[in-house]
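The structure is given below, and queries will be raised subsequently.
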Amino acid sequence: MEMNNKNNIPKELLVPMKQREDTSEEISRPSRTFGQNARRTFFKNKLAVVSLIILVIIILMSAFGPSMNQYGLDDQDLSRAKMPARVPVLENISWLGLDGTLSDNFKGNTVEQATLKGVSRYDNAEEFIDIEVIDEGDGSRNSAEVKATYRIYEAKEMTDQYFWLGTDTLGRDQWTRIWLGTRVSLQIAFYAALISLIIGVAYGGIAGFYGGKVDDVMMRILEVLIGIPNLVIILLMMLVLNPGITSIVIALTITGWTGMARIVRGEVMKQKNQEYVLAARTLGRSNWKIIMKHLLPNISGIIIINTMFTIPDAIFFEAFLSFIGLGITPPEASLGALISTGFKSIMLYPYLLIFPAILISLIMIAFNLIGDGLRDAFDPKMHK
Amino acid sequence: MVRYIGRRVFYMLITLFVIATLSFFLMKMLPGSPLNAEDKLSEEQKAIVLEKYGLNDPVPIQYVKYLGGLVQGDLGISFKFSNYPVTEILLDRMGPSAQLGFQALLVGTILGVLFGLIAAISHNGFLDYTSTIIAVLGTSIPNFVFAALLQIVFAVNLGWFPVALWGEFEHTVLPTIALMIFPMATAARFVRTEMVEVMGSSYITTARAKGISEPAIVFKHGFRNSLIPLITVIGPLAVSMLTGSMVIEQIFAIPGIGEQFVNSVFANDYPTIMGTTLLFAFLFVVIILIIDLLYGLIDPRIRISGGKS
Amino acid sequence: MSKLLEVKDLRVSFNTYNGEVQAVRGVNFELNKGETLAIVGESGSGKSVTTSALMGLLPKPQAMIKTGEILFEGQDIVKKSNKEMQKIRGKDISMVFQDPMSSLNPTMKVGNQIMEGLIKHQHMNRTDAKKKALELLDQVGIPHPDVRLHQYPHQFSGGMRQRVVIAIALACNPKILIADEPTTALDVTIQAQILELMKEIQRESDSAIVFITHDLGVVANVADRVAVMYAGKIIETGTVDDIFYNAKHPYTWGLLGSMPTPDSDDEELFAIPGSPPDMSNPPKGDAFAPRNKFALEIDTVMEPPMFKVSDTHYAATWLLHEDAPKIEPPDSVKKRMQGFARTRGDK
């Protein structure tokens, strides 16, 4: 510890320091606004960014996808019903299943019997059916098995046509219907979220800002409304209203705003008692200015996050309603309606179910991950 | 505490009354009557049918009678099955729905808690990411999509389980799995977040400073404290079983209340629709009430302060 | 006096998004049996990190001990595994935390929280542990221990909770008790009670106490020796008398000067301007120089070594160099130090 007699000390420097500007209060780190921090945290979240990209692609496809081929939403043509998916170029990669053939395994006592089953299953168009024997069999019941591959596009003389995702049981192009359906589902979700947001923020904001008697009455009403299960209300509304986009939006928003109202009220109550609002009041700011300049920016994070989680909820409910037959009904399309029709022919034409199912799952996952990302982004604790 | 329960029950009754009134008048607005199905009736016969359903009375009288019936547990008579009281239909169909819902909620929550715990312990490790992915998929993918998938793979293609219908335990396996995914994923996410937060709190540091071993800290101090708030999520999860039951029962052709409801919708069987709606509403408010009370019982902080007031 | 604990050139860094933060930059001190050492410093000076290192409770993986030894009874605990540390924590070294409101498990009965350590370290059965817990509650001044034992933390007031935390820490008669700002979160009257309790413990047990605080007033009350920390280093250390009557480091002057006292009516408080440096980028030379009215040119170039003032008193400031200009503490601080000496003399 003792180093008093060190020799290499520059003794000429043992003089009082010239007074310099105090640098201890200098900001040594680049300052970032809350918004910049939030954006940075969000874009560092890879899952959220990938989700955002996927979502943007899906939204663009729902806008432009339907006009990428010549088929319309309700172009029924039974002669081309139940065509499997066929995509140019990709049709040459057999394992993708986009080569425009139907195939299945058939069992019989003998190979002939199994083959016969396959041929009769596929329109008896023998010349377009390739048979591949899997098991010769020994003559006992269902011991033989063949794989029949039906080149349906050739059989129907439509080799020049490509139904990218196949056609449904009425010969409508599935590609067109899926993107139009996505458009409808997204529209419903956005409208429902937007209306819930406006009503919820207004109601919760007024209750929270004015407090006292106003808040008391408004909260009592809200408490009763929250007590009503939204499932029940939505079902009742759907029974009364004619099926369609507007009805679903109404049904979803009639109780959908209560959650937002409760959150906004709580947050406004918290914020308005903060010192900075008191300070603004003391300085004579009007209520309106305080709301717009102080309260709204400070609760906007929580509003955005909540909205991001309302959207997938709405998408789910639309699909749920359409699935049980209370939502969008064919010939109109929505993801729920497509899944519902797909489910009806799940055994024979699983592709009718699988494509819309994948799409709705992707959308839900993307929204949830973006919501998670935003929640972290607006959480100051996550800003490192 | 008694006052608190009283207040809650009072709110519950108001809510149920609002729902009953709302559904009654909404149904009155709809076209359709028990006569639609039976067209070739003489005027006399029609009058008898209308009389049986009490539809000859003016609407306000019908309303009062309806409420009176409700109090006694009488939900009216089905339009479709014309001699069956709705209450009886619902009671008949309660069994499968209750079994399914209970199984799914129980297994789902237990598995979810397990996943959440594993994820929290291996914080940011491989198991954490795996169970986070499972949780995101489980909360995002609609359960009917999932149910259809299970049906194709495990029933149609692999033939491990029956495709549909009800009866043996095997019949319940796939629908239970489909129904439990959501509570499982939700519980897993919730427990993970809670656990990570609890493990960062100062009383865990106190426990560490005592020299307690890490497993003991995780289970005795961390786990218990993160499980208590889980009860608040179980309520909404139980309610989500109701929504789930409608589609799942439809997909697996299970003779439960959800399937009954969907069928009634297509048959314009209004008394049954109203009855089911009210049953759902009743279950909903009761579940939420029970969960709230349970929470008070389990958390010592709430238990004591509740006891004082 | 025998050395119980010896800390040698301890350096602890945190890896953060903004780079490495050097929280502790070469700390040396020792602790003798039965004595009370106070570590004083502003928040962020590294005092809490130092104690976390002593307990082996640095948050992993962000924090790491870069160099240094912590010798407890001759054994380096830096090298010990977590399993080995578990045997020391709570038994040989225990700790009282800053915020009693959050440092007790809210869903576990107070009695069980005290008994846990006893069962683990002293292998007591529950009945014996319970008896001991009752004694401990009584010892820390909690009335009706038999009732209190079965209550939950939220049924205790802040001061009472802190007593429980102290009881937990004392359970296994630790050789070292670390108290990390045990009174900061409490009301003034309660603070005095807890300090009184700490002093009592000091008298009755032979535990050595490391008392972390930012409040010099508290130090005068309880400590035998004082170490003043600034920017991750100990910049002055000595007996209470050394520090209060004969402080040498301008930072210590600042601490003394900014302490309000009842007779400070006419004099100005001698405040330290500015704020502590950013430890992710510690300044060259003396870290305190930018805030130091008495800084020398050399402070910007070279870090001052520890200069010996007396056998017990060391300070790290170039002002103590034989060739440095002789600088006296500011009048107000000088008057204060004389005042302290006088009141001390009265006692």
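Structural remarks
Going by the order they are written in, the chains are A, B and C; count residues from 1 in each one.
Simple rule for what comes next: a residue touches a chain if its C-beta (ideal position, glycine included) is under 8 Å from a C-beta of that chain, and two chains touch if they have at least 3 such contacts.
Here the structure is a predicted model, which means the values were calculated and not measured.
Between the chain pairs A-B and A-C, more C-beta pairs are in contact across A-B. When chain centres are defined as mean Cα coordinates, C lies farthest from chain B.
If you average the CA atoms of chain B and of chain C, the two centres end up 55 Å from each other. Taking each chain's centre as the mean of its C-alpha atoms, chain A lies 24 Å from chain B.
Note on chain placement: the centre of chain A and the centre of chain C lie 53 Å apart, centres being C-alpha means. On chain B, the positions that touch chain A within their shared complex are 11-12, 14-15, 18-19, 22-23, 26-27, 29-30, 136-137, 139-142, 144-145, 148-149, 151-152, 156, 239, 242-243, 246-247, 250-251, 261-262, 265-266, 273, 277, 280-281, 284-285, 288. Contact residues of chain A toward chain B in the complex are 223-224, 227-229, 231-233, 235-237, 239-240, 312, 316, 319-320, 323-326, 339, 343, 346-347, 350, 353, 357, 360-361, 364-365, 367-369, 372.
Across the complex, chain B is touched by residues 55, 57, 82, 85-91, 94-95, 97, 99, 102-108, 113, 116-117, 120-121, 152, 154-155, 165, 168-169, 171 of chain C.
Of all residues in chain C, those touching chain A in their complex are 16-18, 28, 273-278, 281, 289-291, 294-302, 305-308, 314, 318, 321-325. Partner chain C is touched in their complex by these residues of chain B: 201-203, 205-214, 220-221, 224-225, 228, 299-301, 304-305.
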